[in-house]
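Worksheet: the structure to be examined is printed underneath.
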Amino acid sequence: MRPSRRQVDELRPVSLERGVVKYAEGSCFVKFGDTHVLVTASLEERLPPWLKGQGRGWVTAEYGMLPRATSERTRREASAGKQGGRTVEIQRLIGRSLRSVVDLVALGERQITIDCDVIQADGGTRTASITGAWVALADCFTWMKARDMFKGGEPMRDHIAAVSCGVYKNTAVLDLDYAEDSEAETDANFVMSGNGNIVEIQATAEKTPFSEEQFLALLALARKGVGKLIDLQKMAVA
Amino acid sequence: MRPSRRQVDELRPVSLERGVVKYAEGSCFVKFGDTHVLVTASLEERLPPWLKGQGRGWVTAEYGMLPRATSERTRREASAGKQGGRTVEIQRLIGRSLRSVVDLVALGERQITIDCDVIQADGGTRTASITGAWVALADCFTWMKARDMFKGGEPMRDHIAAVSCGVYKNTAVLDLDYAEDSEAETDANFVMSGNGNIVEIQATAEKTPFSEEQFLALLALARKGVGKLIDLQKMAVA
Amino acid sequence: MRPSRRQVDELRPVSLERGVVKYAEGSCFVKFGDTHVLVTASLEERLPPWLKGQGRGWVTAEYGMLPRATSERTRREASAGKQGGRTVEIQRLIGRSLRSVVDLVALGERQITIDCDVIQADGGTRTASITGAWVALADCFTWMKARDMFKGGEPMRDHIAAVSCGVYKNTAVLDLDYAEDSEAETDANFVMSGNGNIVEIQATAEKTPFSEEQFLALLALARKGVGKLIDLQKMAVA
Amino acid sequence: MRPSRRQVDELRPVSLERGVVKYAEGSCFVKFGDTHVLVTASLEERLPPWLKGQGRGWVTAEYGMLPRATSERTRREASAGKQGGRTVEIQRLIGRSLRSVVDLVALGERQITIDCDVIQADGGTRTASITGAWVALADCFTWMKARDMFKGGEPMRDHIAAVSCGVYKNTAVLDLDYAEDSEAETDANFVMSGNGNIVEIQATAEKTPFSEEQFLALLALARKGVGKLIDLQKMAVA
Amino acid sequence: MRPSRRQVDELRPVSLERGVVKYAEGSCFVKFGDTHVLVTASLEERLPPWLKGQGRGWVTAEYGMLPRATSERTRREASAGKQGGRTVEIQRLIGRSLRSVVDLVALGERQITIDCDVIQADGGTRTASITGAWVALADCFTWMKARDMFKGGEPMRDHIAAVSCGVYKNTAVLDLDYAEDSEAETDANFVMSGNGNIVEIQATAEKTPFSEEQFLALLALARKGVGKLIDLQKMAVA
Amino acid sequence: MRPSRRQVDELRPVSLERGVVKYAEGSCFVKFGDTHVLVTASLEERLPPWLKGQGRGWVTAEYGMLPRATSERTRREASAGKQGGRTVEIQRLIGRSLRSVVDLVALGERQITIDCDVIQADGGTRTASITGAWVALADCFTWMKARDMFKGGEPMRDHIAAVSCGVYKNTAVLDLDYAEDSEAETDANFVMSGNGNIVEIQATAEKTPFSEEQFLALLALARKGVGKLIDLQKMAVA
């Protein structure tokens, strides 16, 4: 029934390739099927002005799409002169999600910037970004530990990963690709941690409001998908 | 236990005052306690370029805060030269929520712009905005009906209203004010329709991930709060 | 003869409501007929860089119109990405006018920002803004005095208020509303102080140049109108 | 008494040199003492969108200062990414003033843009700009007449010129240079037409409000100065 | 002598991988050693306004660097709100170079946009971009030919490729990497065509002016390097 | 054969007028025929942040065109809100060229900004700007020496001047005017120093790639032209 012939609870093929950019303290090229995102983690020994002198660090994210990541060429935001609303929304989500599992005091007065650049988009770019960002961030922490930069213990408290679910042709399905996403009645993104708790839910009725029952079906699928993604993260960083 | 001495499932005093700006086709001054938002609905006989000639209309929203709506003066976005990420996120949410209950074909090839301007902010500006926006939009439709502008039947398919819930001092509470919001462990905004269905959920772990159980407690409170808000909308437009 | 049936030297009903925004150190909701402006005064213990260390403070103003303050919706300046020429001109006028009656040395090294946001516009928004701004500023000074913040004496040296006059259907009239303003041959804004002196004159031939005689008639009307406005300010702050 | 040893009612040496840029339909290099402004008039067979199809044309102005027109280098507005408030205010004044003596219907559906670029600034750049702009515009009309472009008669209805006056060391003086302007208690710009009428007054209390008597003294000086400037315009275009 | 131990006339390992982005009409992932650039060619059936109705098409280019393509993270241009001077200069060079070998009339009234996004930068990003852009453009033309889109014959008239040369430690060397580039006395970029002619030279004295003799040595190296690059292009598209 | 009837190796009449703006530390009004550029050099006792504390100064340049410097009015960059690509490219070239003959250590921790504003454009504005900029910079250094500001010896190490050459109707010609430039097959700008060395070459195939032979003919012409321009500089500053 799904255009990709996947089972309703089946993820696309996922890969998490580490160390893909030689300069970055951590990096991951993440693929969820035909959605490809390059994620880097950059450590800087400076903080945004409003955070100085508080004894803790910061993790933030920026997101972008290459102009031809999409079926039709999308205008380059640098040339348009500003980031669109969707971009801003996604990069805020990525940063917020990562911070929920980072001990900012243990990190110390430093900033880590996660850059997520979409090379090819086929639905789920934000969930792939978050899932890959965790790997890049973990590698950045490893890099820092090797240089003995943490006095206050391990800053990474848990895994997080993200997946989208939706109601497609009246059925709850896991990990929507673009063909499904553009037709779905409801679209929800779930960010969850390794201990099974919820970090963020963004659920939207694309066409008509949905019932609590439908929502709980999506949540159950998400839990299953995130569990598998976290297993893949564990294998990647092992 | 709550700073405002409210019960855990108690809304702040809510008022929905209609017809407050003489030029607008619909308007509502909405108060959720000390959160005050002026909402107007403006009808324009033109569409965004990408929507022309498709036989349907559009509902969109813009959001702003007056500089001194907040405890400390916030920089005016018009003078900063751009809308911040939070503003963009909120106005996209308001527009999307309203569209989920509007029949855009029945509306015809016209655009309605909902402007939500926060006069005073004490937590929950986005949920107050959505709740008031429904009233302003309903009045705009009444204005249009009086001019016999709908050929294809009633464009408003249902009520929507919104409320925030959160985990505050380890307890699920309804309709957070600023004092609670700034301390909450988890913050969730729910937009629901008159038939009890869900339009949008945005749930965020402010500090640490939350459990599914906690989330369901918030959802139950939200359902109760939205029910009361919709009753108030019905009284307002009666 | 006037669309509003007012006498040539008759102001619209004016009201000056204080204390309308709970956070601001001073605020005033000013109405000149259907022109409604919300004014707040915000005290900040910081100065623009070019003024630091000179032993004196600063009073500045920002002006904005809500999108549906006007008969047709006006584009939101924050979304357009810049303030228009008219906005800039008006906010410079408001700031300059207020500074002419403030002893900046007595104020001390602090900045007060006056925000004038037009809720509904029916002509004379800049004159209503200035008249209300004086009240908000006076309340801000009262707030500061209550906290013993002035070492160098009273910073407010006099009242100021403002009114527009114009030549409408060949007759000089006081306090133009929009219906008159859009038809007037000449339009002049006068800012005057409590001792009857002039703070600012901006007189413009909308269609054809005007004579000195006509100008003096406008000036006489303005003096009368400003006198009444200052009486109302005195009652408001009493 | 004046730093320049001029009489109180004495203009600086004024020159109006025509035809200084080979491409422009009209141009004038105007000097008021050490204030030097290059003005060009550019004819374009197109109109701003909001004016199309109304059977009349438009005259507008833009103003700029070269970065080193001033004693200290001023930041280039093109590199700052926007025009400052003072620039916007001045260019609106120039355009408005010129339109008050142009018959826009006689002009036909065309736009003339007046560019005023300050090469060297020593006070009075806006009044020099307006005075020179009239010459550039007159030459542009001559160019158009030579090509038989006016069906509806002569579009220029009268001369206009502008001069500043101020209260300097308690005395009313004509045509302030920078040394006077920066010390003046009151500063007023007057735009007047050839028949002795007023086009625009912008009078500002720089330090303390001024009396009606003082204002009338400035107006009398302005009338004298503008008379001389218009004589010079007549000689220039003869 | 060279940090990379290459011969003075030795290119870095070069690879040209085609078809790397599934949506683009042509694409190439080009590597000059550690400099990696993703190039896509996007066909659009529209033209910039100034080119409409002239019976010919357009080829243009945009260039960007991912924030962590560099040793230190570079600010994202989309978030800075504008493209820097270096970016603008490079993308103009790429577009101009490609147009020198394209028959725009044969292309027809269409635009091809070449996007060059630098994934990793180690010197020579502009020369790698041009060399890879030719491949992406050639593939785009092949795609179009397969759809019978050319009535007026083959639009590609010749190969072009580009390479940098420089005077490093007083010796002329080919294809500078970053370690050399940052130390070079002179830096020159050469774009040449398949028939051995010159498309563009940009030669810059980084520290002190250079002699004609030195320049001719660089030109000779460039000719050799470009010859090899064009051989590689031929193999890639074969 | 040339539209201006010049010999192939003949410059346009060149003049270099010094001291044209009273405030600037150095200035030059340079004319290459009908191309007129006003150049000023502004000394500031501050440095860009990235250069602080390194014991050396900086020379930078900004370039602009007055809107009616061109045959058709060009949009004012300050009002467009950004500098175009061509502007950025030219101002980077001017700054880079001047720095190649300045001893930045001898200059000391100061910045000199060269402003090149084109009053009238008839081809070759960048080469005229560089040639005049050298004169303005030399005068600025003279001004500084008179104030004994150089401890470390003379900062100006040599002359530089610039000229364009091109292939016009199949013949190499010197110093293209606009009529030639718009028709030329190849266009090259050469910046050279007083000792005959090369500072910068920018050669572009406007229509088709050019041969090495053609390029060498242009280079020979440039050498001749720059020699004459440097003679004129020497006479100007004598």
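As written, the chain order gives the labels A, B, C, D, E and F, with residue 1 at the start of each chain.
Here, contacts are C-beta pairs under 8 Å (C-beta built on N, C-alpha and C of every residue); 3 or more make two chains touch, one makes a residue touch a chain.
Which chain is which protein? Per UniProt: A, B, C, D, E, F = Ribonuclease PH.
What you are looking at is a predicted structure, and each value in this text was computed from that prediction instead of being measured.
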So which chains count as neighbours of both subunit A (Ribonuclease PH) and subunit B (Ribonuclease PH)?
none
Please name the chain that ends up farthest from subunit C (Ribonuclease PH) once chain centres are defined by their CA atoms averaged.
E
Approximate Å spacing (C-alpha centroids) for the pair subunit C (Ribonuclease PH), subunit E (Ribonuclease PH)
59
Centre-to-centre distance between subunit C (Ribonuclease PH) and subunit B (Ribonuclease PH) (centres being mean Cα positions), rounded to whole Å:
33
Could you tell me the distance, in whole angstrom, between the mean C-alpha positions of subunit D (Ribonuclease PH) and subunit E (Ribonuclease PH)?
50
Which whole number of Å gives the spacing of the CA centres of subunit E (Ribonuclease PH) and subunit F (Ribonuclease PH)?
27
Out of subunit D (Ribonuclease PH), which residues touch more than one other chain, so two or more?
81-82
Quick one: ring order starting at subunit C (Ribonuclease PH), direction subunit D (Ribonuclease PH)?
C, D, F, E, A, B
Along subunit D (Ribonuclease PH), where are the residues that touch subunit F (Ribonuclease PH) in the complex?
21-24, 27, 34, 38, 40, 42, 44, 62, 64, 66-71, 73, 76-83, 87, 113, 115, 117, 119-120
Write out the stretch or stretches of subunit D (Ribonuclease PH) touching subunit C (Ribonuclease PH) in their complex.
82, 85, 88-89, 91-92, 96, 100-101, 158, 160, 188, 192-193, 195-205, 207-212, 215, 219
